[in-house]
Amino acid sequence: MKILAGLDVGHVNTKAILMKGQEILGYSTVPTGYDVVAAAQTALRHALDTVGVSRGGLAGIVTTGIFRERMKEPPLDITRTVADYVADAKGASFLSRNSRTVIDIGGNIQKAIRYDQNGNTLDVIQNDKCADGLGIFYTTMAKAIGISEQEMSELALQSTQKVSVAIHCAASAESEAIDLMCQGIDIADVAEAISRFIAERVAAMCTTMSLEKEIVVAGGLAKSKALMKHLPSLIEQDVSILSFPEYVGAIGAVMSY
Amino acid sequence: MMKEGPDTIIERFHSISENPQEYAKSRQGKGQLLAGYMCTHVPEEILYAAGIIPVRILSSHVSQAMTRSYMHETYCSFSHDCAYQGLAHNYDFLDLIVTSSSCIHMGEAFNVWVRFAGFQEKSFLIPYPHIIETKPAAAFMAASFEEFKQFLEKFVKKSITDGDIERAIRVCNQTRRLLKRLWEFLRSESSPITGPEVATVTLASQLMDKEEYNPMLEQLIQSLEVEPGKAPSGVRLMVTGGACDDPGIFDLIEHLNYSAKLIFIDSCTATRYFWFEVPENRSDKLQAIAEGYIRRIPCPAKDNVPGTGEKKRFRFIQQFIEEFRPDGVVFLYQRFCSPQPMDVVALKPILDKLGIPSTELELDTTVPITQFRTQLEALVEVIKGVTP
Amino acid sequence: MSGDASTNKRLDWTRAEVIVAGVDIGAVSSKAVILLDGQPCAFSQVTTRRPKESSFKAITAALAKTPLKLEDIHHVVATGRGRTQVPFARKTITEIVCGAAGAVHIWGPTVRTVLDAGGQSCKVIHCTEKGRATAFLWNDKCAAGIGRSIETFADLVKKELTEIGNIALQTDQFSKLSDFCAVYAQSEALDLIRSKVPLEQVVAAYHYAMAKRISTLVARSGVKKDFVIIGGLAKNPGIIGWVEGILKVSRLANKPEWDPQFIVALGAALIADAFYRQQQ
Amino acid sequence: MAYTLTTWNDFKNYQTTCYRNYLYASEGLRVMGSTWSVLAPLKGLGEDLHLIGGEPHAASTAGTFPEESREDISAAEVAGLGFHSCSYLKLFVGEVVRDKIGITDKTIKEGYPRPDLIWTTHLCSQHSKWYQEVSRRLGGVPMYAIDMIGGGDAEKDPKIVNYVSDQIEEGIHWLERVTGRGFSDELFIKAARNEIKVLVLWGNICALNRHAPAPLDERRFIALFPPAVVDRTTDETVQLYEALLKEVRHMVETGQSVVPDQRFRIVYFGIAHTYGHPEMARILRDAGAEIVASVYTFGTCGNFRGFVGGKWSWDPLDPTWVDELDLSTRRKAITELVKIALGWPTWQGVRSYWALESMARAMVAEYKADGLLLAPSRSCETDFRNGYVGMQRIFKSEIPTVEYDSDQVDVRKMDLPGAQRKTELFVHLMEAHKRRST
């Protein structure tokens, strides 16, 4: 059976996955940076190394993500490109057979996608401009507080007092989060406010489209327990987190080979 | 029995403005009809005449993102918050929701209630002029008040007599006179009541049954008249701008690192709400109400003196500056509000000419206290001329 | 540059009559300046975490460069966003007044307009020859976090904060990005990368947009000469260059011996000095 | 084979001549104001009135001088106007601040020609305030604003019709006072009939797009409606639109179109048309997707049957009806004008979610749309923003619907990358929908 690679070249991170039929052989993530083609190559190489397969051993590469078209440049020699929402739907449907809706919370863009039993996209809702960069914001906030994203999530779960930051945009939310810290508010409560802010933003977007069960969550932020704590109650639906949340696009790319 | 001191009465007003729903429900429990209203251009007199208590819809102050998928981002947070009150079903108990053609943003909040919060069948929009200064405006207002009256008569299944309206006019005028007297205290260097307290009492007047409110306020004023004044303030600050029902901001002004006092608020949640009276004992009651509402401090969204580019609101502001003698002015308005900044741009040069320093605070759902504190303290330092 | 501090060895603290300090608890970092008889003696800067602990870190770092102890300091003025969180401060004064005072002390009595471009906020301050602030303009909400956004942007394109400002000056051939909001500009910058625009053009475009946004604020409050820039962004040649270009006003150049990020703390120290002398 | 309109240049020239007159006329009166107001009353003062309208002028300047417009907007912000204020307003006031004005013939005149008077409307919360600002900056230009209190089926409400008519009657006295000129009812009535006629003709031209293939596209509508917006009171405008109607009828009879390949028919709600941004236009064009109907280009200066029994109809009005209209007296002419102006779809939609929704339903059905594109404008608080977010909720389940933020002229607020992504998505959804339904 042939080995295929999926590349999801996003705003912040580039994700590579290697699959043999239904089996996930290896994966790797690198920051995208400016040189998006180099990032893709690196991610691919890392993935290949972990599996011990050579570039020649690949039957084909499919790319998705915001920079997917750039991958057509040499030396990658890709088979085809596929739109984010198409890949996300395919990937989510593969990772969770009974799922019909995926909420993808990425670095710069969030979207919710409804699809049929074969993972074909039926409807999509994407965030508006003012909600851009939520993922990036989450990372920079962790940095501002001086902890890792993982730690921020754990910290938030220890919050005891409810405080809020503006639900308008990442820029003013950050400014207000720091504002709160300057008032001497406990950092756990600030971290919680940040997580809730993002969850509320995503939920607001989701209510515009009918979300068909079962609902799964993908994207880097799906790993934040603090954030996921809020999502179900906000959209009044059960959600489950995909096993490879940040790789759903890359996997879907392979599925669309 | 012993007379209550001002603090006790103020506290009662405070707790009512903190839990408006609770208060409203308690009235409803006694079989009282309640109508929510979204803009202060709704003629409360007509509701009162119909035996309905008007309850102003104000913000929840909870951070709410859900409204973003019902109303565009770029409507002000006050309108979003008022829309949220409907979507969150915080006011499902109301018998009616009413508004008058207001600014577009609050109009949208009303639309959300009607369209998505289940008020379709129990709502009324009063067509109201956007330019209140023209001659034809008064006649038009009277005509659409008549329609409103007829709608209410159907709703309460009884006719509204001129007597009913005259009584209602007197009740509302009484509230306005009392509130004016209350605000007059702030003109004095050593007022027995603080600006934030006055603001809270004023908010309560928009949420309470005025028949109950008036005697309470009367009692408060009497008790204040015998109170010794509080210590004179260092710096007197006047607030001018848009709807703001967050007492936190007014308290902030009085809890700076310096002694500063809030001595006036020009906004539709404060003086613009009541700084006028409706002529009494007129034969044509609705015409009288129209005339009264035309005399108001105009809302920036409706302020246009025909034939000139002049803004009537500025005359009032200049008058208030003379009477209340602020050392500094705080422009406090909702981010995304469209009319307010159009006034600020024209008002600022006037203040500069008067040598009154000012700063702008941009309101959003949540308030950046630290930044506001810094801006306000910096304003005071500029006024005091702090220097090494 | 977390936790760096320096000192002026020529001063003898044992002879000093007035020992004061100013601490500036900013959004992203805290700075401390100690004065001996009005002479700058020690500086420090630490990255802000919790304001309270970072204020201690800052003053301790500065003290560490001197034989002084905290109790030797006669008067401390705290300023900046976190100024209310400084236990050892005798007084708090806003960064508006401190910025003006510090700038006039450094650049002299001709200074009339001070742009304080920090990580989270931009303020324009007008002042007298004595360094008294007479008016100020705070950035509107949509212009918040410009300084911080440049750090984020540097991360995205994997460049050092110190080099990115110079890259911005390598070209004036670039398409205009949204100069309305940092988030918008970033999303558009990413789109330039998608369409294979050379790095220096993307960086220049982003810096130009941010500089334009800042310049609008400055112009809105009116630029009276002399004009100076303080705060973290004063160290970004891309931003300064474009701000001067857009406003068509050249600022008084940074003083080599003075890090523009310390001006507000210096102002606080000067005010502490004045207060202490008044009390005597 | 794409059809090329023969009347094209006459339309461009008319618009340019109007603007040149405002800039350079040595006689007559310069009148500034929203051309959303009824214009005929001005012509009662004589035919030598040169109009400049805020929205159309700002829109055409943005089209002609993208870079200049950017500077105008930021000049207005420097001058202190709100960062969130209407961007037409900022562009317009920005020119006053910079004391220069650019027009459609690509010329820029230094020195902003001071208007003799301002004749405008008030509808959104800042609509007349921007002329107050211009008046203030130019040292108190006399200004009269008419409160149009629109929304819903206002033109069928005698109370509102009378109110607006009374204001215009007052306004005519005011015009006489400030200009010292006499008012000729004869000239006024002639202008009034022209004004109504043009609006009705435009409605007829739009209605022809219900055919497949649709003869015109949004880009042509944008280019063809300026004369009706700039000055629709002259005999010349009537002739222009009669000629155009004739030509478009011929296109329909012969099955021709300016864009023959039409796989997808789009109904569009918003100001900032995708054609302002070639990148986006291409995405639609490549997919053979065409905007065949849009509330902005149809409704800003066009009249239709409107509400019949509570439901909106985009059926056109019979042009001969205008010739038979009784305009024999000043009041009659004013009343008919007011009814027609209040009947504009763009004004019906303001403040009236149900009108907007009913219009969208009717448009989707009558124009056999494959998709609904909603583009709320970030800095237009009226028709072109309110309700759109809610409409997405309502229509999404019925027809491929995508909503993206745009802005009428402020490119800084227009989310181009995001809008492109969403346009690609829109095409994808329409294709998926077609596949499923066949």
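Annotations for the structure displayed:
Per-chain numbering from 1; labels A, B, C and D assigned in written order.
Basically, a contact is a pair of C-beta atoms (placed from the backbone, for glycine too) under 8 Å apart; a residue touches a chain by one contact, two chains touch by 3 or more.
Note that the structure is predicted; figures quoted are calculated from it, not measured.
The largest tally of C-beta contacts between two chains is found for B-D. In terms of their C-alpha centroids, the spacing between chain A and chain D amounts to 42 Å.
Separation between the centroids of chain A and chain C, computed from CA atoms only, is 36 Å. Centre-to-centre separation between chain C and chain D, using Cα means, comes to 48 Å. Each of residues 81-82, 84, 121, 140-142, 181, 184, 187, 190, 194 in chain C touches at least two other chains.
The residues of chain D that reach two or more other chains are 79-80, 83-84, 389, 393, 405, 415, 418, listed in rising order. For chain B, residues touching at least two other chains, in rising order: 68-69, 73, 335, 364, 370-371. Because contacts link each chain to all the remaining chains, their graph is best described as complete. Those residues of chain C lying in contact with chain A across their complex are 25, 27-28, 47-52, 81-82, 84-85, 120-121, 141-142, 144-145, 148-149, 151-152, 155-159, 181-184, 186-187, 190, 193-194, 196, 199, 202.
The residues of chain C lying in touch with chain D in their complex are 140, 142, 176, 178-181, 184, 187-188, 190-191, 194, 212, 216, 219-220.
Residues 389, 392-393, 396-397, 404-405, 415, 418, 421-422, 424-425, 428-429, 432 of chain D touch chain A in their complex.
Against chain C, in their complex, chain B makes its touches with residues 257, 335, 357, 359-360, 362, 364, 370-371, 373-375, 377-378, 381-382, 385-388.
Contact residues on chain A toward chain D in their complex (touch as defined above): 83, 85-86, 109, 120-126, 128-129, 132, 208-210.
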